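Notes to accompany the following structure.
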Amino acid sequence: MTNMSDVEFVVRTIAQTAVDNEKYFGDLDAVVGDGDFGYSLARGFEIVLKDWDSYDRTDISTFLSKVAITITGRIGGTSGPIWGTAFLRAAAVAKGKTDITGDDAVAMLRSAITGIMARGNAELGDKTLLDALAPLTDAIEAELIAGTTTSEIVSAAAEAARAAAEATTPMIARRGRASYTGERSIGSPDAGAVAVAVILEAIASNWDSRGGPR
Amino acid sequence: MTNMSDVEFVVRTIAQTAVDNEKYFGDLDAVVGDGDFGYSLARGFEIVLKDWDSYDRTDISTFLSKVAITITGRIGGTSGPIWGTAFLRAAAVAKGKTDITGDDAVAMLRSAITGIMARGNAELGDKTLLDALAPLTDAIEAELIAGTTTSEIVSAAAEAARAAAEATTPMIARRGRASYTGERSIGSPDAGAVAVAVILEAIASNWDSRGGPR
Amino acid sequence: MKKIVNDPQRFVPEMLEGLALANPDSLRYVPEYNLIMRTDAPRDDKVSIVQGSGSGHEPAHVMAVGKGMLDAACPGDVFSAPPMDYVYETTKLVNSSKGVLLLVNNYTGDRMAFDMAQEMSLADGVNVKTLFIDDDVAVQDSTWTVGRRGVAGNFFVIKAVGAASEAGADLDEVMRIGEKVNSMTRTMGLALTACTPPAKGSPLFELGDDEIEIGVGIHGEPGRRRAKIMPGDELVDTLLEPVVGDLPFESGDRVALMINGLGGTPISELYIAYRHAHKQLAEKGITVAKSYVGEYCTSLDMAGFSLTLVKLDDEIEGLLDAPAEIGMRIF
Amino acid sequence: MKKIVNDPQRFVPEMLEGLALANPDSLRYVPEYNLIMRTDAPRDDKVSIVQGSGSGHEPAHVMAVGKGMLDAACPGDVFSAPPMDYVYETTKLVNSSKGVLLLVNNYTGDRMAFDMAQEMSLADGVNVKTLFIDDDVAVQDSTWTVGRRGVAGNFFVIKAVGAASEAGADLDEVMRIGEKVNSMTRTMGLALTACTPPAKGSPLFELGDDEIEIGVGIHGEPGRRRAKIMPGDELVDTLLEPVVGDLPFESGDRVALMINGLGGTPISELYIAYRHAHKQLAEKGITVAKSYVGEYCTSLDMAGFSLTLVKLDDEIEGLLDAPAEIGMRIF
């Protein structure tokens, strides 16, 4: 069971990680893309951090929707619509809730994934951040069935995301800027997938010290 | 005593040396100038070599005038007018002659030097090719007084030109493109002066095998 | 990085402010949404034309705002599609009773931002249509199903729809013209060097002293393949053959030929390329009726060029000939 | 070297051939003398205006040939004054009964070639005058008595004498106007990179990743001093202060402001420079009445820019406003 405070921790960690890794994410995108991924995320999530206190926290859904509006409206490039859609879809699943269960979290992630797929016309295996998001969701689901602790679940998700991000290296990009380079996209990991892994690792490593009610 | 055949040898050596050293002369000019010196000389003297057989050889003066017209008319940059003027002034001194004495040669060089000075509004010490031409002329004059052989005179001239060219290194350029860089022109030799030294060395080293009546 | 830049994050706003200061009578800069619009827009007697895209392509698109061309340009940051909000606000700002046409180079990020903004604007009752430009023949492999990119050929679409809207055509007619010109336009580009986005501060990719990238887009990404540098005429042939073969352009055609500099290539070299392209086309029986040599759609400081052909008919030629006044001026 | 070039020795002729092919109605290329002239030149109802100089400065000067600007441009090879013959033949080709004005940037080689050609033309009975342009304030030290160089400010002289001659002014009057505009024009430039002449194939000088050259001319030579790269606004100040202080330009003045790209700098950066220059001038009480941002006089692919100010009066402003049609076109 997680609550608003945990959700805030997750969103804040996403935002802070995006800001902190501007250069790294940009360099990853520069290998076969146009190098703006880090810049775009950082400029948008910077605003999320700046407006942090002003977001309506009536319930988890409202909170995530407000964040989504900032992301969609203020992040440029492909990432604004993609990440904004993910937050919006997660918000829709959490409608009216102030607490979310593990199953809720999985449902929110699944909804985010189908939202991204629809928005970007992408499938698994196209070498996008979806290729990290789906495996990490699978890992959470498996841990829930196994009945492990929240802390262990988060760690497992981070490990799955990292492995999945690395597994994008041999893939050929079929979506986004990288896809224009064709076969040359083989040999380097997808910037979006790596970003997901880095974010999950940040969440996992700070999970136990996140503060607020558990 | 030198004759038309010697004059032809000298002019041909000048032309061939300019063509052979296009890159070297250009690189020298690139240090504080605009790098076109080698290109300009090569493109013009190439035409001298191509039109070689067509020049009127009625007398030495006519021959040199015809060459001067090609140089002035077809070499761009500062070098066309400067080198063309030198040839024209030398031609004027040789008016009507088919043989020239050592003293004639000195007079021709002195006339070329004053011509260049007038054309380029330059003086000795301004870090131009004049700073090689004047010392080599002085050297010839000194050797004539000492009564050495033509072959020795030519060698002495080459040595004087080389030493003088090297002596332009500490000078500050007051004329030409290099002068715009001010003090920064100190530390590298003048391209035009080095070219004169290279040409004189070529003349000297081939003098004894130059063929034709001596 | 050696650029004329202060804070890299202020690169785009400062450029736009400079542009507006240089054109006080004709251009207005709206900092909140990072947009440049005509001082006389919106005009209810004409369809408003908007181009949105990333920055870094100057003069496209902010310097193509003016009479006979765009009513507004809505650029994102360097090489990034504008955030959806900016597109939406731009659309509202230039809303004319004759409608709004959004021109978008077909890149994923741009598509998404404009699709979303169009939906929101339609919901607000704005009469808006979106045209995706996709002239790049470097992207033709059907495996890459994101479709062709829009590159320098967008200039011709802008010019034609700008002229038509200025003449009073309605939104459907302007859209028809834009689609027609897009369908007759083909482009391919190559890079001699990588470019350096100000926020990154170093070149986007490494390229050897004798290497070039063939089939690049306009966002500084690597192209379809790497090759060794070759003589200028061969560089031209490398682009011309795929472009001619694609539509295809055929003997008897009249065309517009554009040699577009990518930002770091001097105009002298562009004319060397033009010369060979013109002659090769003449040999194929294709007449160059209009020529365009210069920078139209760049990738920051990238050296290289793209080659565009437009198949002309009387309608297109008339629209290209129509007068226009834009910020990319000479005097 | 990565350029669009075939045989480096054919760089200039191929560029000129391309230019003429792109402008068949208005421009003629005369290969024997490497010159570009208007198809309608010489016209006996106007003074013919000729600019001669090295190549590598494009669009100056071959792309400034056209109605209201030059009647002919007579370029030498890259960075080399044209051979005297070419100048002489050009003068004869455009000889008008109203006379010929030769515009020359004040560089030694150019001065000499034009002096000699003018002498020969006068002997032939051609009514010819020569105007030396010397707007570069980087060269002001009296020790360097070759005098100031002529750089991008030549654009304003060309524009003004072009307009005056088109309006029927006689040679003396055209000369007076040219001298006046030259006397009111000041320029200074800086380089972020060295340029690569095609025949040399490598950069003219080495410059560190964080180094710039201040006070460069237009032939790729090093400047007066080397400095570390600085923010864009400071780069502008480095040029603006000497330029403003030289004439001097004062509070209450109306000026034309040109930010001229040297060939490798994208137009986006030029507008960032324009912004700051415009604001600084406003703070000094100097009004920018006309603005020029783009490439006017370049050094091949050199990155960097020059800043030019022209003090305006009604006469000069009117001449700058007059229409002109030249090869550096947009559509």
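Here are some notes:
Order of writing sets the chain letters: A, B, C and D. Residues in each chain are counted from 1.
One rule holds for everything that comes next: a contact is a pair of C-beta atoms (placed from the backbone, for glycine too) under 8 Å apart; a residue touches a chain by one contact, two chains touch by 3 or more.
Treat the numbers as computed from the prediction; the structure is a model and nothing was measured.
Once subunit C is excluded from the assembly, the chains that remain, linked only through touching, form the groups A | B, D.
Highest inter-chain contact count (C-beta pairs) belongs to C-D. Among the remaining chains, the Cα-based centre furthest from that of subunit C is the centre of B. Chain geometry summary: the mean Cα position of subunit B and that of subunit D are 33 Å apart. Centroids built from CA atoms put subunit C at 55 Å from subunit B. Centre-to-centre spacing of subunit C and subunit D amounts to 29 Å, using the average Cα coordinate of each chain.
Among all residues of subunit B, none touch two or more other chains. Counting partner chains per residue, subunit D shows two or more touched chains at no residue at all. Contacts between chains trace an open chain of neighbours here, each touching only the next in line. Across the whole structure, chains are in contact as follows: A-C, B-D, C-D.
By the touch criterion given at the top, residues 26-27, 30-36, 39-40, 43-44, 72-82, 84, 119-121, 174-182, 184 of subunit A touch subunit C in their complex.
Subunit C contributes residues 9, 54, 76-85, 107-109, 112-113, 116, 138-139, 141, 143-146, 149, 197, 199-200, 204-205, 217, 219-225 to its touches with subunit A in the complex. Considering their complex, residues 1-6, 11, 14-19, 21-23, 55-56, 58-59, 63, 159, 192-193, 209-210, 212, 229, 231-233, 235-236, 263-276, 278-279, 288, 291-295, 298, 300-301, 303, 305, 320, 324, 326, 328-331 of subunit D touch subunit C.
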